[in-house]
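Each of the next two complexes has subunit A plus one other chain: subunit B in the first, subunit C in the second.
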Partner chain A sequence: MEMAASKPMTKIATAPAAAPRRERLGRWRVPLSIAVLCVLPWLLPSKALAVNVLIYGLYAMGYNLLFGYTGLLSFGHAALFGTGAYVTGIAIGQFGTNWFLGMLAGVIAAGLMAAAMGALSTRTRGIYFAMVTLALAQLVYYVALQASSWTGGENGLRGFTVSKVGIGPLSVDFLNPIVKYYVVLAFVALAIWTLSRILNSPFGGVVEAIRENETRAKACGYDVVRTRLLAFVLSGLFCGLAGTLSALHLAIVPLDSLGYMMSGQAVMMTMLGGVGTFFGPFIGALAFLVMEDVLSLWTAHWQLFLGAIFVALVLYMPKGIWGTGLVWFERWRGR
Partner chain B sequence: MSNDDLLQVDDLGRSFGGFVALKGITASFGRNRVTAIIGPNGAGKSTFFNILSGALKPSTGSMRFRGNDLARLPQHRFVHLGIARSYQITSIFPQLTAHENVRIGAQAFASRYNIWTPRASYHDVSERAEQALADVGLSAARNRIAATLAHGEQRALEIAIALVADPKLLLLDEPTAGMGPEETRAMVALIERLAADRTILLVEHKMKMVLGLCDRILVLHHGRLIADGTPADIQNDANVRSVYLGQSLGYA
Partner chain C sequence: MTQTTKQGLSRRSLIKGTASVAALGVLGAPRIARADEGPIKIGFPVPITGPFGAEAKDQVKSAELAVKQFNAAGGLNGRLAELLVRDDKLNPGEAATRTLELIEKDKAHFIVGALSSAVQLSVNEVTRARGVIYISISQSDTINEAKDFSRFTFHEALNPQMTAGAVARHAFKKGQKVAYLAADYAYGHEMLAAFKRTAAPIGVETVGEVLHPFGAPDYSAFMPRLMSMKADILCICNFGRDQANSIKQAVDFGLKGPSKIVVPVLLHNQRLASSPDVFEGVVGGANYYWGIEDHNASAKTFNDAFRAAYNGAIPTDYGTYGYTAVRSLLMAVKEAGGTDTDKVITALEGLKYDVAKGPQSYRKCDHQSVQSVFVIESKKKSEMKTDADLFKVLATEAGDPATLRSCEQLGHKPS
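And then the complex of A and B:
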């Protein structure tokens, strides 16, 4: 899969964000996105799949802030997702914090990890940025592998099952799949609203300007390195939140959540859905996970077919599923 | 060198590896004047401009702008001090509208890292951008995507982006590059208007335009300043004539 994906990725690295810049749905994008995610579990065969769409959609959404909107191709976002997941698991399992403090610790840790990775990588760009982030993420992977007394090494981290979540006397059964879905959705909805505000803010404009023309942005008086670093940290907070939700959902953190395949999935899901589109990452996550489900039932070599489908989509639908849909929608409205 | 001078450069030089692109440039620039920098290809004009706008750091020498030492300043600080530029090859944000292009320029003075407030609520930034668009005559094109504008309009848009910073020193790198006679005339009129209350430095190849527009000309050759004077001085300078040997200086 990673072999199949590598060629189109480097192509995108030099010319990021071919996506439609203007989403006319923009004004309604937050309520519409949340509404779609509200009905999603009733359209999918399993609630577990629906929870995964939320978590991976959030992960790809955070990735898209850096890749689609800022124009930086990172191959190391697993480190941010994984840090969120591991720190949440360790906080709950070994320090006995409640679920919420565990999540908070996970998100903050992911933000700090993003700040460290960003500080070392945002001075580079293009393929160098991709390689630096990949190397840093591999470093984190091997640290987690070695520090097995904390992380469980290659067996993954276990022993922190959260069965009830709640605030004060109000609590709900987190083991009930449908309750779990809507609890996770509450956090994802908050993240969607936050991202929309970031994109509409002055900072959102600067990020877009730097992606469009870095030289001119610098001449306009913007500190490109610092802006990229902030974008990296914000992206890391979203991906870290996805990681903490994944830890709560699975009650285990597999070592693979720090692996390079995990980093590659962020790229694939974002591109499947539509680089630089608001809702595209969720569509990309949905398409990826459904294909994985269907194909793996049918053949053990499902990754081969997934890779082929991915290559075909990148070649013939470079704007992704959602991005292409938006173009059609615009054309239909324009008539 | 009087205290009234806006920009002073002293013994400015830059080399790339063993190649000396610019050497020993000493000059000062007063307020509200139009100065042209001319010279054959490879004379060091672009290097000089890139140093003045902060894109390149000088290898030697010093430069002071309104009392500030510029030599070690990062590029993004220059515009905040009052130095803005345009590029030889038009440098705009192609997928944004004309208004958004200029807006980004204006926003640098209001907010750079605010991630929460809607940018539509910064009304003063929007108005400033409208004003700059009006100043270059692009108000009617405000909602058009920059990539779809005509070449001359894109050049004007780039100047609007620079202008919205309200620069004291405006650096224009071949402002009429690739323009026909009609567009060139409009650009010259614009530069004359802008020169009323700011200092303009420009690199230009169209000699007739330079002679008519500027009150001072600097001539670079092989990275050195070989002449500095009024258009009449430059036309009669023996050194300059030998550099431009075979070219019709003043009659182009």
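And then the complex of A and C:
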């Protein structure tokens, strides 16, 4: 690929003085993120919630690759998450594959779905791109609703509970919440590392160049359409992985996992955490799920409080929790 | 959270904080081993927020009453029961997470709840994998079938076969023409199927069926088609707000005169939300109506206890499911002498209970609660003695396993 050979464009919007420090910190972003995730189940109210944070964090990070880094606002990522989840469930439940092959099938299917959706949508931009992705995702939703002998339709897919996870003679009890958390974390950690490598590669630079100035990127000789498509597929693989993990975690695939609310959640979590920051979407997912969990235990009017908090965050932390935190951190260090 | 970042959270205090939280978690662990001596915990996930919030809140009230009565009577040799209410937001994924939390973190011994076909099936999937008893209080035919059933699965609510069956046997007459309007999701499909299964042997002709999307506010597009079918009976199979909205529009279009409107479940809260004029003459099934207290002693006892606990309020149909399910469970716990899952299952299977509406028992093969079904009709405004005097009971079909689909039809092996 010609773009891989050329140097990435300079990063924009970073204060020049802060750049080396941030880069030094950036080198440690993967081990730091994983270290935080290792202690997460002990900090949250429940293990089931912690697994959800991992899954949705990965989902939002995958989404951020397209939205934050490539600059494409997709409203159809539920189709990728849901495809991963459904295909894993169907592979295990109806074809009797083991958990790993089921996951592999789910991720591959999500990648193919992303390739198909990307091929149809990446030529458009802005609101048209959002609309095309939304329409395609709704298409997938209705297919799943109608094909009820495969997907369980309205009732959701069930009957594929994975109670043991193992390779060869080694196996662990997947129903144990702590074991489940660390198994899921192993996959999420691998995905975080891969994502970091992608973003640090020349390809990651090209993607950001296209986001900042498409015409200039084109003038520099980059194939914009193909780069976008590749970013879409990569994003789809991460979101598909999140979907397969969610299928294994909950042992059901609700039809809602293909719904537009699910697509909206990716946007919401990413914005809440910080668009275009590496770990921001994860923080967004964490904040979203923890607030929802804690508030709904505390009061039946949790939606009111959640809404108020969101409004406050959007008003006073426009770069998201993580993004604004980073800015403050830089300011404090530069003092 | 912003304040600490601004002033700088020292690395040392962060580590200290993390370590102390982790230590707390470890210290908390030994409690788990002695869980058998603590309170009897019943997890109760219901959709407190969302379109079925009113029904869910009634279920919580009734279930809390059952727990209060159990505790007032001394519990299980002094061991008290506790109800852990959780909002499942009418979302299967959320419900599965909440159920996992209830089992793993709160160490709930039993799960009762859910108010949607998809949600109860997802809760059931979580509980049966972990060997936890679950009593569903939402209508479903699917949960009885061998594929979703497990010996940990119990179904206290009526199922579509029972309600639609009872209504059809009462309201359909040989030679009549029936048109169906059904919500296009599991509830509507199951009710429709159950009506047609019962209607066929009666000799009723189906003249058409129209499906509408779940949560549709506007039915005007469907009404002309239904009118053109010239049916004797218009059978509307939907739930919640959909029921009130669709009946109102059928009445506005003048369908109520030429056809009789029949619904599988005539909902207490929807009738309250609408007006007596709109619902007048509509016939449907119910698991409970407070008005049966005139001739049913257990209903009278239940209503009185409910009135005393909630300032004179009366229990509703769906609310009562919460009461009967939790009462039956606690009776079985008493019978079993503890929370041991196998013993409680045996006790539930052998249990005969009559706590609100007449005799009930769980059928052995699919754990469906066999119980009476009431066929009720919405009263005219002039016939209503009080604001709560909503329905007249046309018929009471006593609980009879013969009205259910047989164990073999459901795919259970004959035992």
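Everything below uses one rule, namely that the second predicted complex is superposed on the first by the 301 of 335 C-alpha atoms of A that agree within 3 Å, B and C clash if a C-alpha of one lies under 4 Å from a C-alpha of the other, contacts with A are read in each partner's own complex, and residues count from 1 in each chain.
Keep in mind that, in the parts below, a residue touches a chain if its C-beta (ideal position, glycine included) is under 8 Å from a C-beta of that chain, and two chains touch if they have at least 3 such contacts.
Nothing here was measured: the structure is a model prediction, and the numbers come from that model.
Looking at the shared chain after the overlay, A:Asn52 reaches subunit C, while subunit B stays out of its contact range.
When the two structures are aligned on the shared chain, A:Gly89 is found in touch with neither subunit B nor subunit C. Contact with subunit C, but none with subunit B, is seen for A:Phe329 once the two complexes are overlaid on the shared chain. Of the two partner chains placed around the shared chain by superposition, subunit C is the only one that A:Leu43 touches, whereas subunit B remains out of contact.
In the superposition on chain A, A:Gly273 contacts neither subunit B nor subunit C. In the superposition on chain A, A:Gln303 contacts subunit C only, with no contact to subunit B. In the superposed model, A:Lys218 lies in contact with subunit B only, and not with subunit C. The partner of subunit A that touches more of its residues, comparing subunit B with subunit C, is C. Of the two partner chains placed around the shared chain by superposition, subunit C is the only one that A:Pro254 touches, whereas subunit B remains out of contact. Residues of subunit C touching subunit A in their complex: 1-2, 5-6, 8, 18, 21-22, 25, 48-49, 86-87, 89, 91-93, 96-97, 100-101, 104-105, 117-118, 121-122, 125-126, 129-130, 142, 147-148, 185-186, 189.
Subunit B makes touch with subunit A in their complex at residues 53, 55, 74-80, 84-85, 87, 91-96, 100, 103-105, 107-120, 122, 161-162, 165. Contacts from subunit A toward subunit C in the complex involve residues 39, 42-43, 45-49, 52, 153-156, 158-159, 161, 163, 175, 177, 246, 250-252, 254-257, 296-297, 300, 302-303, 317, 321, 324-325, 328-329, 332. Across the complex, subunit A meets subunit B through its residues 21, 197-198, 200-206, 208-209, 212-213, 215-224, 226-227, 230, 234.
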